Each structure stands twice: as C-alpha cells, then as structure tokens.
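One chain, chain A, appears in both complexes that follow, with chain B as partner in the first and chain C in the second.
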Partner chain A sequence: MPRFLKILVRNLLKGPATDPFPFQEAFTPDRLRGRVVLNPDLCLGCGICRHVCPGEAIRLEPDEGRTGYSFSIWHNTCALCGSCRHFCPTGAITLNADWHGAHPQTDKYRHAEHHFVPYLRCAGCGAPLRPLPPGIAARLYAHSPLDMTQVVKLCPDCRLTATAKREGERYGTTANPG
Partner chain B sequence: MSDLLTPCAQKSFTLPIGPLHVALEEPMYFKLDLDGERVRQVEITAGHVHRGMESLAAKRNFFQNVVLTERVCSLCSNSHPFTYCLAVENLAGIAVPPRGQYLRVLAEEIKRSASHLFNVGIMAHVIGYKSLFMHVMQVREIMQDIKETIFGNRMDLAANCIGGVTYDLDSTLLEFTADNLNRVAGHLAELIDIYRHDPMIKARTQGVGVVSPKDVAALGLVGPVARAAGAAMDVRRDSPYAAYGDLEFAVITEEGGDVHSRAMVRLREARESVGIVLQALGKLPGGERRARLSAIPAGEAVARTEAPRGELFYYLHADGSDVPLRLKWRVPSYLNWDALPVMMKDCAVADVTLIVNSIDPCVSCTER
Partner chain C sequence: MGLFSSITVRSPWLYRINAGSCNGCDVELATTAFIPRFDVERLGCKYCGSPRHADIVFITGPLTLRVRDKVLRVWQEIPEPKITMAIGICPISGGVFRGGHSIEGPLDRYIPVDVNVPGCPPRPQAIMEGVLLAKQLWLARLEEGEAGKNKAAHAAIS
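== the complex of A and B ==
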C-alpha cells in the first residue's frame, strides 16, 4: 500500500486526466478515422472501394439514362475500416478526423453522403464515358508523346481503333483487317 | 425469523451465475455447486450470443474478411486479421517485405501490452482496489493514445492487409511513439513492483485458482495461463513469424499457477512488448511495406500466432475464387475456459469473479 500511496499523491497533484469535453476540444489526432468522404473530381467509378467495403456502405450505380453514376456512402453502415481509402487507385475516397457523427435517430437515413458524377460522351462514338481525372491522365501519359487531352476523350473501343490507325500509319501500312 | 438468520454455511445448493448477471459484463452461464461458501463443481455453458462469423466469412471476399476478422474481438483485434493474412499469404506464396514485417510486429505488440494492462487493471477492480484500477487504466490510456495517433482508432487498428500493412510511420511518429513507450515502461516498472509486493493484492490472489503444469498439458492451456504455471510456450519464439525471429525478447514464465502469477506474467509481458516495439522502431528497415498481390489459388493453408491470450490458429480453404470456401479459427480463450473447473475447485464464492478474470476470457472470441 505505501508504494501505491506515492503514486496516488502524484496523480492527485497532477489533477484530472480527462479532457473537459464538450467545453474544450477533445484529443483528436490527424489520422483519426472519423468519417469517409469522396472527392468526386478524382473518382473513376471503378468500384474497387465498393468491392472491398466489408459493410456494403458504398453504393455506386449508373442512372437509367446512362448520363452518369450516383455514389453514396452510408455512414451508419460504415465500419470506418479504411479499406476503401487503402485500395482506391486515385485517392478519391478518404477518411477525415471529424468524429462528430452523433445524430438523432430520426436523422439516420440522412446520415450519408451522396454524389452524382456525370459521364462525358466519347468523342468518337458517343458512348457514355467517365474520363480519367486530368492529374491521373498526366501521370499515366507522362512519358508518352501523345496528346493525352485528346486520348482521354475516347472510350476504350475508340481508343483501340485510334491506336491501330496511328500505328498503322507509322509503319506505312493501312489498317486493313482483310 | 430464526430460520432466516440461520447461517447457510453448512448447506449445499446450486448458484447460477449468468448468462445475464449484474456481476458479469459478458453473457456466459456458470452453474456452481456449493457447499456453504465453497465451490465444489462448475459447469460452464456458452453459446448465448453466437454470431456465426465463420459462416459470414465464407460469404465475403478475401479483402472484406480482413475487416470481418478484426471484429472477432476488440482486445485481440489485431491478432485476427494478422493471422488471417498470414494464412492467405501462405496459400498464395506472397512474401511480405521486411518493413511490412516490422510494422506488423509493432502493431501486434502495442495491442498486446494494452490488452494485458486492461486485464490486470480489471483484476484490481475485482478485488476492490479502485484507485489502482484507475491508475492502470490511465497508464493503458497512453497506449490508447499511441494507437489513435498512429492507426486512427483506439481498438481496431486496421494495420494489416493481405501482403503487408496499410500504415506507415514518419520520423515525427517514430519519435512520438518512442517517447510515449518510454513513459509506459517507467509506469510498468512501478506497477510490477506494486503487484509483486502489495500485501492486499497478495492476500487476495496468491494461492487462488491454481493450475498445475500437469493440468496445463492435460487441458491444452495456452498463453499467459499456461506460462504462469511454468510452461514456457510462446508461438513467437517456437515458430517465429513476421519479424519476431530478428528481435530479442524473453518468454515470461512464473511458477505459482495462481491468479497472482497470471497477473505477473501479463505485467512482465507488457514490459517485454514495449521493449520489442522500441527495438522494432530502432531497426525499422526501409523499402516497401506491402507486397504486390497475386491471385489466390485453390488449396488449403494454416497460420498461427501468439495473440495476447495465447495461440491463435487459422485454417483457410480456398477454391480459386475470391471468396473462401471455409475459414476456421481456433481462439485461445476456447481452450482456457476448460481451466476454470480446475481452478475453482474448492475455492470461495467470493473468488469466482477473480478467477474468471484471471484467465482473461474473451466471450467475443468464444462466441465467434
């Protein structure tokens, strides 16, 4: 007991160990996994995040007219595991340190984040297309002599045809499938 | 009136505790046959909150299962995805890069020391030493702050992914972690001294809930429960995984096999864990922290690790798709429950909670 008395006195002199929340901000480190957020400008719609999400908190669906896709994050289903952030190829989905997610029961279906990401039309055939975000296209095509601003406007099929044509011209033959 | 006042000291009766009971935080059913104040026989019934997680695992893909296994138990929450990832890596032949191996050890040992501190803290609570309980929980709080700062959560670290780890440390975090661990090491030295010598703790815990080395072998006990009875078994040393082969640490044992020895093993192990993390921080290799993923072929694999409560074992059966056919795990608590009837034989009713706590039982793991 005397051994512990020493500690007891020391702790008494130190004062309360708890944060005086809500009168002051509580200890919140930068890396705290508080809430999932999406930056729609960076999102490719690849669906990797949805694939790895253990709670099925992410919904990603093209709309009926194929004008774009909707992206929803249901915070109450989210386990804040960070898998979506870990696997997202573009860094579009991240977690911030905002842990103030408490809300009344009546608001439970509003506790979500919804986005609509529009498709562009392929410059070749008009098919719906989600272009690569400029930063990522610049990184991918950094060592290519091609004008990537044009390439990213084409759908994968038209890009194939364009490449075939270009390569054909370069080797002096015409692209003749016959 | 005189009837009511008759002491029941000589009477035999059955005392049910649980599955829902004011003195129990978790649902487990104990049927105690008493002779006055003495426990003569114990029957344990589990299954009240079975969650069917092994079946859930066979409906989720390999990535989702990393997170699912982390939710088996909050105190061993790092050991489960860690061992699961080892099993997947064994099957797919993925080699985790050295930095990843070290970071895995770091996460695991931080969790181990916090888990052990929690248990010895609760022990102080059970014997009514509330001020010591508060102090131990406050020391553990330093570990919680480390976890929250590095990993972003106090319990579920989300440190492991198939092929390595998800997190990294920069020089600021390295320094922050080392500083705080040194603080914890100072507190642990003090706590070890208190738990070893405090007359009140000794009076309540020494010679209570004893298991012999023979019981350890017969019942297949694992972890601190086995080591407190002198059995020097530790998967980290017996079949080293991750970076444990490169790191120096002692396998802590005590001889008493009683509640006190188990608390001492945990406290000394917590100090050992702090030492392991400090070593890992000093030797942390550079380079990648996770391997490239490859396809997960059909086949079977196993992996085992030393979780805070003892040996944790995972079995994986895959069919080449991205959902396992079968994922099975054996948790250390499952074995250690069997020690209770032996430990409680002829103990006083007042010691029942203390003995239950001393095996550091995890209902969450048992009821996976």
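== the complex of A and C ==
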C-alpha cells in the first residue's frame, strides 16, 4: 500500500487534532499550577512565602488593633512558580489547577484572595499570639515529655516564666526567693 | 451596510505587540494558543500582520522604557473600536519585573486595557477564554458605535 494511503487511513481513524475547548471542558493535568490558595487554618504567619515570592504577590500585615493579620494574594502578579508552596513549613499555601483567570479590566484588583487570621491571646498575660496549628505543635514537640497543649497557649515571655518555675520546682528552690 | 452587517457574523482580527516580554507569553500566543490544536479561527478570529487591520490587540511584556514609544505608536495605528488584551502578569502588574529600573509598566499607565489574562505564561486555553471575552466586548462596542451613529443620524434629520 502506498505510504500516503497509510497516513490517510491513520489520520481518518485518529479523528481531528483540534482540542474541543472552548466548546467542551479542556483537559487539565491534576498538578497544573493554576492559582495559589491559602488554607488559613494552617498558616503560622511566618512570612516565608512572602519572602520567597518573586512576584511580590503575597501581602501579610497585622491589623491596627493587632487582633490578627491579613493575608492577601494578588493573582495578577503571581508567576505561579510554586516557591511559596515549596517553602511553606506547614503546607498552608498551595496551588490548585484552576486556570480560569481571564477577566475584564474592572476586576483587575479583585482578582485576588484575602484572608484574616486572628491572633490567639496568651493564656498567661493576654498578649496577642501567633496561632500554632495543633498538627505543627505535635510535630515540633514530638520528643518532649511535657504537656505541650498548655505550653502553646502561652506567649514567649510567659513560656520563659513557666519554664523557670518548673525548673525551680524540680531543683527544690522557689520561683520567688525574694 | 446596515442590512449587511446585521446578517453577518463579525470576525475580529488579531494583532500582537511585544512590549519587552521574555518571549514566554509570545510563545504561548503565537505557537501554542493558535496552532491547529486550539485553532482560534474556529472562533471567527484571524491573525493579521498589520496594526491597521487589527481589532483585538494582544500586548505581552512589562512595557520597558526602550519599547514604550514604539508600542504606543503602533497601538495608536490600530483603528477604533479596538480591544486591548494584556497577556501574562508582566503587562498587568509588572510581574516579576515590577520595580525594575527600565520598566515603564504596568501597561494601563499608558493604554486603556480591556481584558487581562494572568499567568506566567497563561496556558493556551486561558488565552482562548480571554479572546472570547474580548470578542464579546468588541461586539458590544461595535453595536454601541452603530447605535451612536444612528442616533446622530436621527438627530441630524429631526
């Protein structure tokens, strides 16, 4: 059979090469980097993602009354590089496959994601405290004999005091010798 | 002309300007989004080689100082009504080049943008979605223009 006939038959069997999109849903690989999303329940507010972001797409700042911090991602300057996901210690920030980003100019500054992560209050003194998600606390204190569920509710200063008291008790002195 | 344009489907012609792009978005535009696999001509669009024939213009790149005036000159040669599309995060916000010493963008400092397609670069299907959006806007603008002309004509008669 001449070669061109073979090619003809093969192409007839294969059907058109054109993707049916936009008349049908487009094929999207699961791991396509389409849009950055944050899970505020896991975020520590450490700012590593902002630090590594080449497009300066992430803004992270405490509010005026210091009741929490706002976390914004502006998709219109995000290069979808995945650095934030790579460096985030808790897996709070990640990318999904939603690539439908085209929008009219009026939505330019609305094509963003905003979250507010409230601070906890220190159980000792009431100072604002960055949240530490339980999963991360369990990982951090996995090898500690102490009951860390109480310790993570304290601010660094109160934690120091608590440690001093505990150690004092252990060595038979009082925390307040004065 | 009125009857003819009311029974025909309008087909926008596409034109592309590189405003200092890294070429990523241009590759997506010219060699990925509009090859037979995606076939933009199914949507009634067609690439053209001259700004004077264009209806929808794609601009890629962060608008560098070096190309700024040339981009503006070419953009002004495109007849109204035209739809300007910013392709990639570069023209929209400056993207990874934002704040650079030779960056004059974002594009909307100089040119009224109509449609943004973010991504670095956006995937071909996202660009096609943008083209559909742009085509809608363009048709609406054409109708507005026609309606405006008719109104002017009526006003002239009465």
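Following the convention adopted for this analysis, the second predicted complex is superposed on the first by the 160 of 178 C-alpha atoms of A that agree within 3 Å, B and C clash if a C-alpha of one lies under 4 Å from a C-alpha of the other, contacts with A are read in each partner's own complex, and residues count from 1 in each chain.
In this section, a contact is a pair of C-beta atoms (placed from the backbone, for glycine too) under 8 Å apart; a residue touches a chain by one contact, two chains touch by 3 or more.
Fair warning: this is a prediction, and the values are worked out from it, not measured in the lab.
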First (chain B), second (chain C), both or neither touched by A:R31: first
Touched partner set for A:R170, first chain B, second chain C, both or neither: neither
Touching partner for A:R3 - first (chain B), second (chain C), both, neither: first
First, second, both or neither for A:A79, with chain B first and chain C second: both
Chain B versus chain C as contact partner of A:Q105, first or second or both or neither: second
First (chain B), second (chain C), both or neither touched by A:H143: neither
Partner chain in contact with A:N11 - chain B first, chain C second, else both or neither: first
Which of chain B and chain C A:F87 touches, first, second, both or neither: first
Partner chain(s) touched by A:P54 [first = chain B, second = chain C, both, neither]: both
Residues of chain A contacting chain B in one complex and chain C in the other: 17, 32, 54-55, 79-81
Chain A-facing residues of chain B, complex: 60-61, 63-68, 70-71, 131-132, 135, 138, 141, 145, 148-153, 156, 158, 161, 166, 190, 193-194, 197-200
Of chain A, residues touching chain C in the complex: 17-19, 21-22, 26, 32, 34, 54-56, 74-81, 99-105, 107-108, 111
Footprint of chain B on chain A - complex, ascending: 1, 3-4, 7-8, 11, 17, 27, 29, 31-33, 51-55, 79-83, 86-87, 95
Touching residues (chain side chain C, partner chain A) in the complex: 36-39, 42-43, 89, 92-96, 98, 108, 112-120, 122-123, 125-130, 132-133, 137
